[in-house]
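These notes are about the structure you will find just below.
Naming follows writing order (A, B, C, D, E and F), and every chain is counted from residue 1.
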């Protein structure tokens, strides 16, 4: 089976940059996968993407060395399994608030005897190789999103779940859950401290810590905090920001700092 | 019929910024149409877009005040007419190298007695109004692309064609046609002088002059030259540049000037 | 945030006509949105529509003043949240049979602290405005479908749920649940009386009452009963009836009353 | 090869009703094909339909006994041939203004030695049978649209072309070409007389005469004039008219005669 | 309502061959439906197919006499109900491990009073007829997949569930669940004996037994075991095997037995 | 720019096997590209494929080492240029019957000064590299289909055209053009001799000769004749043949030789 280079880098203590796709388009996916990201994640939760678009986007990413991942919309067995069958090498699952939920995620994504994933890889065999099923459980990365006050309270239990590889922080939802304004670079002390704590607990338990950011600057800061995987915005926001900046400049207005985005 | 605000501004001597869509996606089209462009053009020639995607993108643009235009792939009657029926308020047609070709374009796009456009607007009536057919010939903008040495030689004849509203310059093809490296901001003296001459001849004949550019800076310079409509790159290049810049910055490399792009 | 005109009208005691879309097509959606309905609802339960089609249809409706709503296929968190992120201004949820189910619906659709909706609006920000998240909970309309005998028994509890704005009656399912023939204009006494009772209880509790009908005539009758929102058939049935009537007439048969439809 | 029932009826002197599809949707196509039309024509000229949608719609029509036809966007070899390969049993080609154009149409649609159609039927073999290529030239119906003053002048020559089965009148374009208001039921004397003359010349030459109409009433009148094939509006207009009528009635306005439509 | 010929044959003790579709394509679906299978099943679990593709494929199958069935991705109410509304005449549901799960499946698929299926057939009425809802519960076939050790333990209870018509064995998952290598033709004694036992128990309880196989040879063997419905591979594997064999042969290698496939 | 391995092999005198795609599906395209073909050609003429599907299929093929080619539907400038921009590394153009037509093909596909291809590669730059435009004319393969009696008469002139790399024979159309039954393995003496002559003339002029075949057996024979590139059937026929054979075998009928196919 094709090795998961992302896992290799993370296991070696390295840091990785992750691209994020919310446009349902295989050409923009291929463009993004060519820009130097270590991995590219298709967002099926808040991105405007669903299964058939994701299949085409997985193919587009597979023309490059970037590792194809998906952010599933929910902790559920149908779409998650279909995306694995289609060749996703990593799953980021939102709203994992308890140990039981983390275990359910593992159960969906791992073959027996570790879990209850049903047998029937399709594209995954083309991308991963004929021995896909023998090694899938070792190669595919599973990240639980920790993004609520409840998850924070259950953090130690969540990161202890066997078969889970890491935690991915959604700063906007985490802020909102704590009664703060949603933002990808929270300045509120309680949220800032939660984001640091999540990283520390995760790594202490031998798991990988990832986080969504709003810019290269924030990503660099998070790497400094110990996060190993950082995402920068998404294709839609990168495009909107770039277009808006060009319009402002061409209209003779002063270029401004990019607006805070989700 | 809904007025074509782009024509109004151009006729009043104003300048306009045009967005350019090469991703076949109605969500990215809607994002682009919200960034402050006066018009947004769907590129069916070099963009990865075809008719059904263009229909959805025309709808997406129509949720905003930006004027919807299309760059058709060729001077031909089928797709051009379908895009007009679907509500395009402007047509930019590539490779118009002679008066006869410009007249053929007018013939396709104007109703009898001015031309031979067949009757059957569909979305155009929803977007433009029930009296669409009575006023379409006055509202819809037609631009001929002047982008070869041959077109340059025939420029005066081309811009004299009745029913044609303006000329749109493709600097890359023009450069290539002159044996130079294709680029959106040519520095070669012969090309630079051709770009200036096209603008002057076009405006002298009472037509509008538009041009493709690679940045706000180049657009500002072209406005200074007398061009009234400037396009800045396209969605795909804006996205690629923004993502590449973020990756470079996050990887600790120095931010660099955006690479010259097509 | 863009105001929800439907909510404003309903809150003012007014009545509204709602269009219903079961064809997965953004052009027919745009046609329907231009026919004078106050709102247009995309049916993802019994309509042949899924998420990507719905996004295009939301865009199409957004070219008009009609308020875009969705009938979700089930009381679940994935698709409902994606449709809200895509800009739906109203949700009609089938088969709400208990207070707990109504609360679950509210939980999915409202942001913390009212619910657990995850943060990440995409098209919703383009349609609603940059302050979407601050006001979404006040603008977006939530209707619970009351369409079973069980729901009828729990009606008072259901309509008391905070965050729920109204009730929408599905006469066919309600009839079937009561052991009667499914129809949009039931004549059976028990069903008739249930439909009246639902309206009365709903309005008494300060909520809005909506109902599906088979014709303008039935809608007018329901308005008389106190229902404030009435839907007339759907695009597929309107088309089928109109085509069948034309064929019958052209074949020399007498035009007949439209067949009772679902 | 499956017999073309439309040809059989027309050859026997019978009259047929034709449905017209401008929505790119295989479900609405299937609905239309179930309403009693003898044939259903997919409009790739003024309908919002292109090739892949048409393939799905041909399949949908093929679930019924209605004969599947296409109105191609232009007299050209690419799309026309692809639609024949996909199983269209009839072709209506717009803007045939001369004998040479009619001969070109025949050349595209007939196999050698009659024409130059390239060999490679795909769905056509599934729908028509394994002996499709031996009989396609006898079964498939070819209609030339006569819809300009020029075509009228060349009518006798056009209808004399071997391999052409009939003529189809587009009253809107014909009106416009004559300097009159485009409408499907022209009252102008010159147009009315042209429509009658086309039918007479066509039938005199042993060809079939078809025409687009705006209603069953007009169709009945045209049948009386000698036309054997009449189309009534299209799916989009039937839907728009039905929805608008329902809205008007529900809003308490008097039902009105359907607006004249294209 | 159109009769379900598959049910008729099975009830008469006959055997049937089932095709299996994992390519999201209505043309390949139509091709498969023409090859002589008694039924064709669209696989929405491990096939790369989702709802809108399935609708087009159901239409394609409906151009033939093959009975259209679906393998749903999970025992859940949303997609299953949508596929029934779209005209599926049979449902194969994976991972039914207990009586309660089998009852839940029946509840989703049968109308009141037998279950809780919501009323609103769309294509199903076109395919099945206007009286669809009165007879759907008698015509539509429901198969529970028995493919885990747990299901085996609960087999007698599962096959006793009223409203369930049969059992369908997934040999790969069954093998994996028993700790064996997943394969469609298991040689392991425990799995072989389980496959025989499932058939026997199912038929003893008056239900139909179906099974997935890897070849005509295995299917013939399973028919001999008492299975009445056998599937042979799927479209993707048939294509891959045929192409690989042609390449091997053309390259001068000896033709080899087809590789064991999933 | 990425080297065209197919050109390298052909230039070295080697032989290549080519796959042929007529299903509009990127998953089946990826499957085919994994079966060992040297190149895979997307058929936009007789395949049920159009531009947007082809883009996804080019991406799918690009996940493998197989060289992506297209068979365009016609000798025309629009779609051919779009497919090159999308990354096709080879073009097979049907119905090249004269030197002028071959020159027109070259003109469309080569950049100035060799031709008039417009500048604007999109996916081609991702697949080929940033220096795509400098080397595209040397890497991309152009094949003219010789498949009529007329082409045969003009063969020497056609193969002398500069910028054209080879000739591709369509045996079915060639047969039909000669008044014989269309088949991929003609036995008719005149056709057999024409196929041999085309190969000889082509190679004598230093061009590559390719041909469509119905089986590995025929391909091996053609390789023996001097053809360097052979295609075996297409995905649709491979699938149909494999399914039909499995059904026949499972029904206890004797396996038969595959039916002659197109």
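Rule of thumb we're sticking to: a residue touches a chain if its C-beta (ideal position, glycine included) is under 8 Å from a C-beta of that chain, and two chains touch if they have at least 3 such contacts.
Keep in mind that this is a model prediction, so the values were computed, not measured.
Participant: Equivalent interface to A-B, which of A-F, E-F or D-E, with over half of contact pairs matching by residue number?
Facilitator: Repeated interface of A-B: E-F.
Participant: Taking each chain's centre as the mean of its CA atoms, how far is chain B from chain D in angstrom?
Facilitator: 35
Participant: Between chain B and chain E, what's the gap in Å when you average each chain's C-alpha atoms?
Facilitator: Distance between chain centres, rounded to whole Å: 52 Å.
Participant: What residues in chain B touch two or more of the other chains?
Facilitator: Only 24, 27, 31, 34, 48, 50, 52, 55, 122-123, 236 qualify.
Participant: On the basis of the stated criterion, which chains touch which? Give every pair.
Facilitator: Contacting pairs: A-B, A-C, A-E, A-F, B-C, B-D, B-F, C-D, C-E, D-E, D-F, E-F.
Participant: Under the definition above, what is the set of chain D residues touching chain B in their complex?
Facilitator: The contact residues of chain D facing chain B are 22, 24, 45-48, 50, 52-53, 73-74, 76, 79, 94-95, 147-148, 170, 172-173, 176-177, 179, 182, 236, 262.
Participant: Quick check on the complex: what are the chain A residues that touch chain F?
Facilitator: These residues of chain A touch chain F: 26-27, 30-31, 34, 55-56, 59-60, 62-63, 122-123, 126-127.
Participant: Touching chain B in the complex: which residues of chain F?
Facilitator: It is residues 50-52, 55, 77-78, 81-82, 85-86, 111-113, 116, 118-123, 125, 133 of chain F that touch chain B.
Participant: Give the list of chain C residues in touch with chain D in this complex.
Facilitator: It is residues 17, 19, 23-25, 27-28, 31-32, 34-37, 48, 215-217, 219-220, 230, 232-233, 235-236, 238-244, 246-252 of chain C that touch chain D.
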